[in-house]
Amino acid sequence: MHFASDNSGPVPQQILDALAKANQGYAMGYGADAEMAEVTARIREIFEAPEAAVYLVATGTAANVLALSTLAQPWQTIFCTRPAHILQDECNGPEFFTGGAKLTPVTDADKMTPDALRAAIEGEEVRGVHGPQRGPVSLSQVTELGTVYTVAELEALGAVAREYGLPVHMDGARFANALVSLGCTPAEMTWKAGVDAVSFGGTKNGCLGVEAVIFFDPKHAQEFEYRRKRGAHLFSKHRYLSAQMLAYLSDDLWLNNARAANAKAAQLAEGLRAAGAEFTHEPQANMLFAALPRAQHQALFEAGAVYHLWDGALDGPADDLVTARFVCDWSLPEDRIRAFLALLQG
Amino acid sequence: MHFASDNSGPVPQQILDALAKANQGYAMGYGADAEMAEVTARIREIFEAPEAAVYLVATGTAANVLALSTLAQPWQTIFCTRPAHILQDECNGPEFFTGGAKLTPVTDADKMTPDALRAAIEGEEVRGVHGPQRGPVSLSQVTELGTVYTVAELEALGAVAREYGLPVHMDGARFANALVSLGCTPAEMTWKAGVDAVSFGGTKNGCLGVEAVIFFDPKHAQEFEYRRKRGAHLFSKHRYLSAQMLAYLSDDLWLNNARAANAKAAQLAEGLRAAGAEFTHEPQANMLFAALPRAQHQALFEAGAVYHLWDGALDGPADDLVTARFVCDWSLPEDRIRAFLALLQG
Amino acid sequence: MHFASDNSGPVPQQILDALAKANQGYAMGYGADAEMAEVTARIREIFEAPEAAVYLVATGTAANVLALSTLAQPWQTIFCTRPAHILQDECNGPEFFTGGAKLTPVTDADKMTPDALRAAIEGEEVRGVHGPQRGPVSLSQVTELGTVYTVAELEALGAVAREYGLPVHMDGARFANALVSLGCTPAEMTWKAGVDAVSFGGTKNGCLGVEAVIFFDPKHAQEFEYRRKRGAHLFSKHRYLSAQMLAYLSDDLWLNNARAANAKAAQLAEGLRAAGAEFTHEPQANMLFAALPRAQHQALFEAGAVYHLWDGALDGPADDLVTARFVCDWSLPEDRIRAFLALLQG
Amino acid sequence: MHFASDNSGPVPQQILDALAKANQGYAMGYGADAEMAEVTARIREIFEAPEAAVYLVATGTAANVLALSTLAQPWQTIFCTRPAHILQDECNGPEFFTGGAKLTPVTDADKMTPDALRAAIEGEEVRGVHGPQRGPVSLSQVTELGTVYTVAELEALGAVAREYGLPVHMDGARFANALVSLGCTPAEMTWKAGVDAVSFGGTKNGCLGVEAVIFFDPKHAQEFEYRRKRGAHLFSKHRYLSAQMLAYLSDDLWLNNARAANAKAAQLAEGLRAAGAEFTHEPQANMLFAALPRAQHQALFEAGAVYHLWDGALDGPADDLVTARFVCDWSLPEDRIRAFLALLQG
């Protein structure tokens, strides 16, 4: 009954097997391993992007801050939503890596709309050199509130960005969960919609710790390599990053894991809804935000359920509705979900 | 015949087993895993430092730049040797993470002496606020040229630093190799000699990618946590870092690996010496710098040996002496060393 | 009829005379001039703060970013209002000088209230090391919208900051205008209300370009000196900064200029009000925000008036109300104000 | 008898007059003043560079760090001499403004040679992404040791830089002193020799505090403006910077001041030589490095002479030679030089 995060569960055996397989003999370090060449080829193929520059790092924050610092200038502001991971959960990492760029929240909601993005863009560069200049647009897909931008929505946002000449970054920590939710192609969800760079997550969907950074225009490649190295994010024994990513992309593991996680979340959502929970956002991937009376949270916690309250504390009037976040990963045993739902129904 | 680096070889089975063992059930992320508590306890015990603050990161550069940025102010200069990894091999990472501190090479040699350190310190802060201010001293142990500071040497350098009120950092990417070479205790090689912070390497000595940062004074703890997070070096699935480090420190794996690597290097050195190679520095751990006629390098490379030329190129007059770097890790098969030495003897 | 800014007008003759007087013979540079000792003594006296550390720089932004970077850590966020100069008008200077700190707008209004400040503070540090940590509170006095915090308001905000252990900075680009508006002492408006550091403006109130940074606790002194120097804000011919500041503080020039500016603004406000203008904020110092029909702006601009429209453009429906900013400095000739008001009345 | 620095003396009356003249009426701020347009036109004319981008700042360090940060990437190293102001006297300002670039001393001497520059360049980028990358070349003209690069020397250095595709910056804090020493044109001393950006000093040669930054290729213009603003170096009452620079460039004031300073230094050098002083470098502009017996320094200091000892202290054996730095500015009265020389001759 562990719904705290999709970084809480184990990794599939295929990932461990891949490490063991990569652990043969000697290999050149720092990305010159043979597996990395395969990773690059595979990602280019998956994204239908034969020129794409592809790099691996070990954390999602590293992928985001390195990608954004390659796209942004220190005197610019990055457009994102207020709940965005880059704004809330990276301890000023984007500001640090960009050398001082700002982040402008376009909206307090899960998704930005073209109108809201346009208004935010128009709200900057109104004071000449005095204020921050307009910089990249960063979109979280899956959003931080468990919803998924449609392809049409992405295209519309990409069009606004393009109109102002601004690059678009996608924080795809849950890229696969969004992709299988939409049923589109990786190309449709990214460069065809105007996305320039992707943080392509592996960690939350079954890897130990590996994320790809993908630039569809290889002009960013050299700069990114310097930024990764000086950011201390270039692995010497790089083959163990490559091996994870390669296994992740093989035999549809990434898609199957995402489908499993989404399905478990749907099962959980159905049970929560049946139990009377209210959803602030319609769950579309593997993450739910559901409001329950405080007393139910107290009972669930006592019974050993693990998840985060999103607003409000555990103590207080028993009947108050308190929203909680529930995240499912590929590994969650169905019987534990059923056990949780049974608890819920009292 | 792969002597390119101690990041080229495989990891021992114990490390993979530890990952598999850690891969059970659900765990809280970001260092709140149960294994990390064990790691901290174990390192405190090994270092006889019950108050020490202990953190894990995945690269040696991360350990160095995060430790140094915790000890240094942006307007200071860090004293190191010219060959130091932080000066040569981190792509301005220390400058980036410290917010602009300088690095002052105390000496071109492998080791700094107390006199050279004192002279370098005295050479700074001679222009009031105009020049850089004196900052931390950073010592590489094993040095970048394969030698090892004795405990007495470390104590003497620590005394000079203390005299000026400067903190001391040890880049211990090859900490275990130095330790078994000296036969002293970790405490003797660090805090008893005046070292304040250690980059305690695991990656070069048998891990996939894990390094500990150790502060003997826990006052640095909170600041380090913020620096690690905003540097994008805090792992969500942290248990896989912890598991590696725990296995590394169990059953003397770290010491045995280091002893094996040093012994192989000694064997290699003996063979090289017998073949007439000249050593610029007496090898004391697992890294050799030996000069051979260019023609021998050419023959060895053609036969499949892998190592780095340290000065000069592969092309040129056949008789010229060219220095090469040979690094041994724990895994190098003895028969490959013998095969290499056989090649060497023609 | 120039109301664009209080940086648009000339400086009083006393300032030029002071430069001429300082321009005698030889002086040591970089703040070691005799005039600077007088400046420090004078400011300590004015502020009843015999221990205060006092420094001069040449721009208001320099005063702000250097003061804030001395008070804030890179992983913190600075609490200010949304209209604050540090947020809107310093091109990410605070982010640059702090090494990546964020700015959190407490309110969209001109002034923050204790409740709003408390709510903003409580809204941070809710995610452990993941989000930004709580940092300094920065208050603009005069506010960016022409209002003035009362001493009681400052005390209440200072109390909230103190409760959380957060330092307080005052952006006093228009310090004197606020002071004479309140009729209190400098000490009451600053350290007695909990302010730790002040950007004490001279430029907008009659100097060529000089601002003092004042820390009431001298523990910040040494760090500030390094920050000023590496920020390239330490003047070699420092005596010309000192001379300006000394003249500014002599014979009540600073207070008289501020009184004159405020009086002119009051006169202008009265005329505008008589002409039907609406004020979004009650003007309390030397800056007004008044709404007039667009046609009136068009007529005024055509007649040669100079000021900034604050929202909306010059083109559009003639009857729409458009808010403009009018700023008065000490030098504005009364007849020009009367001429402007005459124009206004058509 | 004040030879401490060329920032110690007064400014000529023309500069004060220009401030008074500029102090008329109202002007738009931040560089939009009418005087600035004249400054730009004048500098373009003087440099025969009709496309040049021209900006004003108030300190020489600001000019250097802003120019260099526009030319350098954070992962690069800047090639300069060891005595260079940017290395010794800017408190890590270049590292701060560039976001962490290194400085590589090409030589310990006053001037770099093409061979030394080539060797230094070849010494970098030998480790792929691991080490710093090659960045701009920065030349001090006048050098920090009082010598002047010939045009041929500059051309030769420019050719080496161009060969490697590296931009060239000139720290011209004493630009005019070098120019009149060489008797060449500003164009010959800069862009015709391969210089891309100049810190064109005014402060040391008679201004209160103003330096121009000149880029011969205007592609750098926009970026520089953002860097200047976020560095807090954009003046609101910019007309007082413009006025200084305009007066400085009018009626050959800049050239006449430099000629006067150089002539005084020559007179001083002649006297020192006659008194037996030894010069480590042949003085070519307005700065001398002369060795005298310690007893003579003691006598001169007692008699009220002001200058800096360059190596060694005032206390010690009377007969030891101690090198001192003597700097002459335009204003030094001849009778004070004669008085000093009289003292010298005992």
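Some notes on this structure:
Each chain gets a letter, A, B, C and D, in the order it is written, and its residues are counted from 1.
Following the convention adopted for this analysis, contacts are C-beta pairs under 8 Å (C-beta built on N, C-alpha and C of every residue); 3 or more make two chains touch, one makes a residue touch a chain.
Small disclaimer: the values here were computed from a predicted structure and weren't measured.
Among the other chains, C has the CA centre that is most remote from the centre of subunit B. A count of C-beta contacts for the chain pairs C-D and B-D puts C-D on top.
Here the CA centre of subunit C is 34 Å from the CA centre of subunit D. Here the spacing of subunit A and subunit D, counted between their Cα centres, is 51 Å. Subunit B and subunit D have Cα centroids separated by 42 Å. Annotation for subunit D: residues touching 2 or more other chains are 74-75, 90-92, 96, 99-100, 129-130, 133, 226, 229-230, 234. Touching subunit B in their complex are the following residues of subunit D: 74-77, 88-92, 95-96, 99-103, 127, 129-133. Listed in rising order, the residues of subunit B touching subunit C in the complex are 30, 73-75, 99-100, 128-130, 133, 223, 225-230, 234.
Across the complex, subunit B meets subunit A through its residues 2, 4-5, 7-11, 16, 19-20, 23-29, 57-62, 64-66, 90-93, 96-97, 203-204, 208-209, 226, 229-237, 240, 306.
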